[in-house]
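Each of the next two complexes has subunit A plus one more chain, namely subunit B in the first and subunit C in the second.
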Partner chain A sequence: MSEWFTAWPWWVGGPVFGVLVVGYWKLVGFPIGTSGSLGRVTDVVSDRESAKAEAALEDPDALAAALRAATMEQFGADAVPAAGSTTPPPAALTSTGRPPLPWTAHLVFLLGMGVGGIVATSLRGNLQLTTSLGQSHATIFGTGISAALVLLGAGILIGFGTRMGGGCSSGHGLSGCSRLQPGSLIGTGAFFGAAVAISFLIERVL
Partner chain B sequence: MACPMMADCPLFPMFGTQAFLRVWQINYCEAAYQKCVRFEMASEGCHVPPTVLPNGKHLPVLQPGRKEK
Partner chain C sequence: MQSPPFLRMAILGVLFGFAFSCMGFTDFEEVHKMFTFADLRLFLTFCGGVALSMVGFLLLARGQRIQRRPFHPGTIPGGVLFGIGWALTGACPSGALVQLGEGKLIAGFTLIGLLLGSALYPVVHKRIFGWPLEVCEA
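Up next is the complex of A and B:
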């Protein structure tokens, strides 16, 4: 039986994804996104710098000055009353009403994806350790070091693309498209369209 | 239509604390949240630092990533 037919059927996978997207949004308060989670794990250092900036803005006077400057820059001096006005400064800028998940929670989410994949494959009875990426991949890119180099290059391109595009197939494809975000609709159309075209080309060439 | 992120966005209530800050709510949260960078980032699953403004700029205190001297 081909790999295609041993996968979970679409009518199981689709609703599970739907429940996941809505459930994650309800529980966490942010849209689900795998590359976003990976970014949170790899951005631990810059997040600390960001936390320092947030801490600086917990001083109401610093926050009032920052908001005044930003408003003036965006909307012009006329939009802002003269300095020394008697309006009280805003309260400290605390984090979100629902604080973002710590990077460790994102790490657990990423590990959970791996565990979930193993469990799902086991339930279908076809769990096995393999280094093969399929016959097509071996035919086009060979095996061994050449296949590894291709994977390395592909991984770098995917990382670059998801950072540049602000999301991946889960962030744009699941979260963004379900919220009808124009950027996500275009992005998903572009990367899935390219994938379908390349797959089609490979099938024809092979 | 108003921004669906209002309940969770820390800047939305902040923009209501002083009369002149309402201009942000009027121009973004209430009228055109689709062009708010905070909304865009959140919609794409990215973490949105509270210091990012709807126009994509950071509140001018200490830019994240900039080292303190």
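Up next is the complex of A and C:
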């Protein structure tokens, strides 16, 4: 039965992608984007201001309290009416009218992906720990420290590039292209083109 | 306040990771064959996904405003950097997480790099680039 979970033909994988992409949007309220979710998680460490601002937007009371405190600091306590006498501003909503998700929900989504990998590999009956990405990767990049350094450096390119470009293969590629978003069509062309060029270069040189 | 949809996000994550693994998007060799056009299966899977999503959005999202993805000065250079990384690792951001789940421990290096790059970007953006970022409605 393990062949059921291996190398799905395109006419199975394509529709599954379609259902997941549209289903994600229906259930969550904004389009899928793995690099976006990763960014929400790493912003908690590296971009605390934005992370705090987004957290505040999710809780209107906290936002109102923060604004009141900042006003008091600037203009003195007299400038601020007593707490509770003002109407708190409405929470920022996503385009579907739902509040944005906390970063922890994005983290749960990312961890879920790892669990999905465990489930699929278990059903294929080959769940085991390996230190290689497969024979051809080992042939090209070697094993051990050299392969690890290439992956680390390439990982930095992926993390930096997806945030600079505003999306990855899920956000730009699947979700953005299917809605004919100009940034996504150009972005997908850019990352796909670069990947094709590098892959042919690897074939030639290594 | 509505409780955060952790359960929904967990289920979607697992389903996405599971499908990703079954398709073969986590296999360096398969991804490399896609980029060298030696095997069109994954490429057609991707195109099929775009086509089906398009139908789904056309049917279900009529008249609704969804997060827009405008072109900005980072779109092309960012995409190129990501493409280079994808070709070298066989992993897009989702792929790195699923590879690790599959027991490919070495993908942990990809993931560490991903987190570093993702954390580094807003710092570099503020100091050097400074163009307005797209409005993130997520």
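Just so it is clear, the second predicted complex is superposed on the first by the 137 of 206 C-alpha atoms of A that agree within 3 Å, B and C clash if a C-alpha of one lies under 4 Å from a C-alpha of the other, contacts with A are read in each partner's own complex, and residues count from 1 in each chain.
The rule we apply is simple: a residue touches a chain if its C-beta (ideal position, glycine included) is under 8 Å from a C-beta of that chain, and two chains touch if they have at least 3 such contacts.
As the structure is a prediction and not an experimental result, all values here were calculated from the model.
In the superposition on chain A, contact is made by A:175 with both subunit B and subunit C.
Of the two partner chains, subunit C is the only one that A:191 touches; subunit B does not reach it. Contacts of A:167 after superposition: both subunit B and subunit C are touched.
Within the superposed three-chain arrangement, the count of touched residues of subunit A is higher for C, of the candidates subunit B and subunit C. In the superposition on chain A, A:39 makes contact with both subunit B and subunit C. Look at A:183: by the touch rule set out above, it reaches both subunit B and subunit C. In the superposed pair of complexes, A:30 makes contact with subunit B and with subunit C alike.
Using the contact criterion defined above for the overlaid structures, shared-chain residue A:130 touches subunit C, although it does not reach subunit B. In the three-chain superposition model, subunit A touches both subunit B and subunit C at residues 30-33, 35-37, 39-40, 43, 46-47, 50, 94-96, 98, 100, 166-167, 170-172, 175-176, 179, 181-184. Across the complex, subunit A is touched by residues 7-11, 14, 17-21, 23-24, 27, 34, 40-51, 53, 55, 57-68 of subunit B.
Residue ranges on subunit A touching subunit B, taken from their complex, read 29-33, 35-37, 39-40, 43, 46-47, 49-50, 52-54, 56-57, 62-64, 66-71, 73-75, 79-81, 87-91, 93-98, 100, 166-167, 170-172, 175-176, 179, 181-184.
Within the complex formed with subunit A, the subunit C residues making contact are 1-2, 4-6, 8-24, 26-30, 32, 35-37, 40-42, 44-57, 60-61, 64-72, 74-94, 96-107, 109-125, 129, 133-134, 136-138.
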